[in-house]
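Sharing a structure with you now.
As written, the chains take the letters A, B, C and D, and residue 1 is the first residue of each chain.
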Amino acid sequence: MKLLSGEIISNEKCGKGLYKIEVFSPYICRNANAGQFVNVKCSPDGILDPLLRRPFSIYNVEKEYNVFSILYLEKGKGTKFLSDLKKGSNLNFAGPLGSSISIGDRSKNFLLVGGGIGIAPLYFLARTLIQKGKNIFFAAGFKDNNFIEWSGELTRLGINYRIFTEDGSWGDEGLATDFVKENIKKYKNYKIYCCGPRDMLISMQDILAGKKISVTALLEERMACGVGVCRGCAVKIKDGNGSFVYKTVCKDGPAFDLMEVIFD
Amino acid sequence: MIEGSGINLSVNLGRIKLKNPVVTCSGTFSSGLEYSEFYDVSILGAVTTKSFSFVSRAGNPPPRIWETTCGMLNSIGLQNEGIDFFIKNHLPKIKSLGAKIILSIFGDDPGEFKKIAREVKKVESSLLAVELNLSCPNVKEGGIAFSSMPAEVEKITEAVCKILEIPLIVKLSPNSDSIIESAIRAKCGGAEAVSIINSIVGTAIDIDTFKPRLGNVTGGMSGPAIKPIALAKVYFLAKADILPIIGMGGIYDWRDAVEFLVAGASAVGVGTANFVDYEAGKKIIEGIRNYLSKKGINDINKIIGKAIC
Amino acid sequence: MIEGSGINLSVNLGRIKLKNPVVTCSGTFSSGLEYSEFYDVSILGAVTTKSFSFVSRAGNPPPRIWETTCGMLNSIGLQNEGIDFFIKNHLPKIKSLGAKIILSIFGDDPGEFKKIAREVKKVESSLLAVELNLSCPNVKEGGIAFSSMPAEVEKITEAVCKILEIPLIVKLSPNSDSIIESAIRAKCGGAEAVSIINSIVGTAIDIDTFKPRLGNVTGGMSGPAIKPIALAKVYFLAKADILPIIGMGGIYDWRDAVEFLVAGASAVGVGTANFVDYEAGKKIIEGIRNYLSKKGINDINKIIGKAIC
Amino acid sequence: MKLLSGEIISNEKCGKGLYKIEVFSPYICRNANAGQFVNVKCSPDGILDPLLRRPFSIYNVEKEYNVFSILYLEKGKGTKFLSDLKKGSNLNFAGPLGSSISIGDRSKNFLLVGGGIGIAPLYFLARTLIQKGKNIFFAAGFKDNNFIEWSGELTRLGINYRIFTEDGSWGDEGLATDFVKENIKKYKNYKIYCCGPRDMLISMQDILAGKKISVTALLEERMACGVGVCRGCAVKIKDGNGSFVYKTVCKDGPAFDLMEVIFD
């Protein structure tokens, strides 16, 4: 992990409040693995509002071009600043942070379940799995059709996928988790990775309870340092003795065994 | 670049000798291992570790962090793995990096402080000093820190002082009127220096759910927003001239650090800034050196307390 | 837009009835005449005037202002033309604008407060309430405010209360531990409500000249930076349930205002925000109304203190 | 005075760290007089660093185009933000603030003495005086030749002027105040207006002591409100009884009788 500054190659809108920013960084391209993130300074030099860095999953790495990208939604002042950044200017970020998802050789089949912007880290994971010749199914759920422009990128991966929207405006009407629930028998020999809103992760826990299917979730938590020193991004993880310990999303995670996570 | 150049950056806080006045604030640098990936942490005056208690502590329920305008609230609640873990796991590693270490410790009562001190005793030669955190605002909701009870400050300092030979620093809270009185008592108890300020009690509320933003309701506020408040506390304590001061609270860059020195701090602590600029400590040391060099001042001690009138 | 729409914005702080909970903070709105060029100040719950003393005061030597990260320091030192000037010159004008007025007064001792009160007596029917500023941090360098001496708080409140029939608000300082005790004493003395917080003691130093940035060395810190600290003070005092609170300190927009209400303030004061957004008061009233309307809440009193658990 | 938002017509560099920004505002053009200023919000919407507005003299008003302008030096974070603003975006400002300089009919001859960026309000004053058919001499002093690009604007006024630089790199070497001192007899029947650094104003006081020449100075002081409510921008002004009162630069000023100002 390093503190870096990289030229912005592009920063384009691909949906309502949805942007993709591409940044030149040989270091990130060499060292980043799926599941990791970068921590971005979202204010000009010398300006301290907003103060803290913002964490964003690494969405894609294009080693050929030494360019990595982030897919982000404009939420508040940090992401507003990001969306105003111009091509050719520099991004101040640190990374790669968090622990990498290790993909064993044993598993062959992977089910990725993404909700909303939660698809971002799963995209990088999918690309990594493709390179390893794995079989992938990607179930992506959204509120509406806001990500429709983005979906071209998913199509280009050439994997099987299905889109679900709550309002039925794109793909199938319904939740990605309902699809998983109905088809869970099909995925007995799959490894599952999921990322999305808290409610989605809780549904996944319910669906998979007692099922002995390996499921990893990528969690979010408010961060201060992003590198494991402040203990700000604590999540409750079962410790085996019926009790729990607090682990850090930024260093121990963001990927955790979903069945060990305690949401309360 | 950091060493050499004929400018003296070393400061003494009683028996505590620092090669430069820049230390890290407890709880914002862990034991220095993570940040050693960003720069050589042995260039720091010292690394102050996070506060360790006798046995491990789980800490407070999340959410633990809330960003405020140019500052942040935390309610970590002193999550730590216990003093033994530090001694066995962190200490050898951070020592091998060549860093000078100020170990921060925390107990629920004088008895726990003594128990920790006895453990620390075994490794005290590896440490530069021990900092007694008597001022964490996060243990109970609005809980009272020892630091606001001057008699307790003396009792704890004295107890630890009897056990350890290395210098003691007492960390005080801005959340009470009693900084000066507590500093006097810390001195009576045998402390070598005081650290001010710990974070300031603050809160934030979600106006949609009507719930506090922090699991623990209130938290400790830190970061650039609090700098003027911290600086005033340092200025008044320095003016009272009781013990040397490690000044902290909102220091973001070398200008802030110099401001604290000029206000009367003999050393400065870099806290929240580490989260924003992972190289803050290094840049601040370089910045101070350049500042002195440009001003033609060959010894940092010449500016310490210069503003006091 | 402001009136009507079926949502009740009016709040009562004891005998003080406000048509909406937004007032201005003393010293940041003068007597409202300047800002009346930007909007109709009669839409405010009340205009709190700057603090007037018995005779005029020159105030502190400049510089009096220093900007800090997301906040500011001031050391105005209560410059004012004296209570008679207010009564003769400002009062008729601001009354003719239709504004409700909270008159802030300040004295060096209980005797001066009484003298002012006797002058105020002549016009008390024109005023909504009188606020006793017992907490200015700018009179002496680090000077002690009455507010940190609970017995004085009671004495002054009682003395003024005997003279005036209109409700009294006591403004307390965040610079001491004694807010709750002082509030109790204010109540004993006959106060109707308390205002918290006044500005927080802070300082800034010029690292080139080694001189303080303010003519008076220290000043009062205000603005968005201090919001979490002020909010915690409001929360704890509201929880103690002594007197209704006018909450202030760092309120910048309607979200901040709602946060203070939810934390337990019955009304909110807008201070430094007036300097940045001359229409802050107006926008905050509109924002609160929209918020309630979107949430389907028809009475502001339903959210006051909602966060207290 | 009003709180306004106006489109930026241009924002161009005209020297090292020196910029001129032109803003569309019929209101300012209708109401502003020489000596007044605008108070500018120097951070994006919703960002509070820097917090306080920055005061800038009105440099020029072009009624034909409904455009006014500010001439400014990049100093710190506020002016850095300003210099990054793009043509076509909006400036958030309030004005016109401060009291206007009233130009009586009696005086015919005017000497304007400007130091550095202090020439900005004097430029507007000069244009106003020209319209009234007054006779003007403009003495402008600078450190170096950084304002040379700007001087075209001065030339175009068609008035008499002289430039002084401390390093002699442009115009005459020396101080504008030395010129005034040496030629003070010539200016007996002039009204003098000056604006510049504190040291320059103190020199002017010395030069004019006991001379019975009317001299007005435009002062600067750190401001919070800019509209006369906070009493932050106090300056010491003699009160006739051998004592002084504090007056506000933002409301009572910025223009004051220089001989009444107490610098200490």
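We take it that a residue touches a chain if its C-beta (ideal position, glycine included) is under 8 Å from a C-beta of that chain, and two chains touch if they have at least 3 such contacts.
All of these numbers come straight from a predicted model, not from anything done at the bench.
Enquirer: How many hops, at fewest, get you from chain A to chain D via touching chains?
Expert: Between chain A and chain D, the shortest chain-hopping route counts 1.
Enquirer: Strictly by the touch rule at the top, which chains does chain B share as contacts with chain D?
Expert: Chains in contact with chain B as well as chain D: A, C.
Enquirer: Between C-D and A-C, name the chain pair that shares the greater number of C-beta pairs in contact.
Expert: C-D
Enquirer: Suppose each chain is reduced to the average of its Cα coordinates; what separation in Å results between chain A and chain B?
Expert: That pair's centroid distance is 35 Å.
Enquirer: Counting in whole Å, what is the centre-to-centre distance of chain A and chain C, each centre being its mean C-alpha position?
Expert: Roughly 47 Å separates the two chain centres.
Enquirer: Residues touching two or more other chains, restricted to chain A: which are they?
Expert: 48-50
Enquirer: Pull out every residue in chain B that's touching 2 or more other chains.
Expert: Chain B, residues with two or more chain partners: 69-71, 224, 252.
Enquirer: Which word fits how the chains touch one another: line, ring, star, complete or other?
Expert: complete
Enquirer: What residues of chain B sit close enough to touch chain C in their complex?
Expert: Chain B reaches chain C through residues 68-71, 73, 142, 148, 175-177, 200-205, 207, 210-212, 217-218, 221, 224-229, 231-232, 235-236, 250, 252, 255, 258-259, 262-263, 291, 303, 306-307, 309.
Enquirer: Where on chain D does chain C make contact in their complex?
Expert: On the chain D side, the touching residues are 1-3, 41, 48-53, 94, 221-236, 244-246, 251.
Enquirer: Per the contact definition, I'd like the list of chain A residues that touch chain C in the complex.
Expert: Residue list for chain A touching chain C: 48-49.
Enquirer: Inside the complex, what are the residues of chain B that reach chain A?
Expert: Within the complex, chain B touches chain A at residues 27-30, 34-35, 37-38, 50, 58-59, 62-67, 69-72, 74, 76, 79, 223-224, 252, 272, 274-279.
Enquirer: Would you pull the chain A residues touching chain D in the complex into a rising list?
Expert: These residues of chain A touch chain D: 43-44, 46-50, 77, 80.
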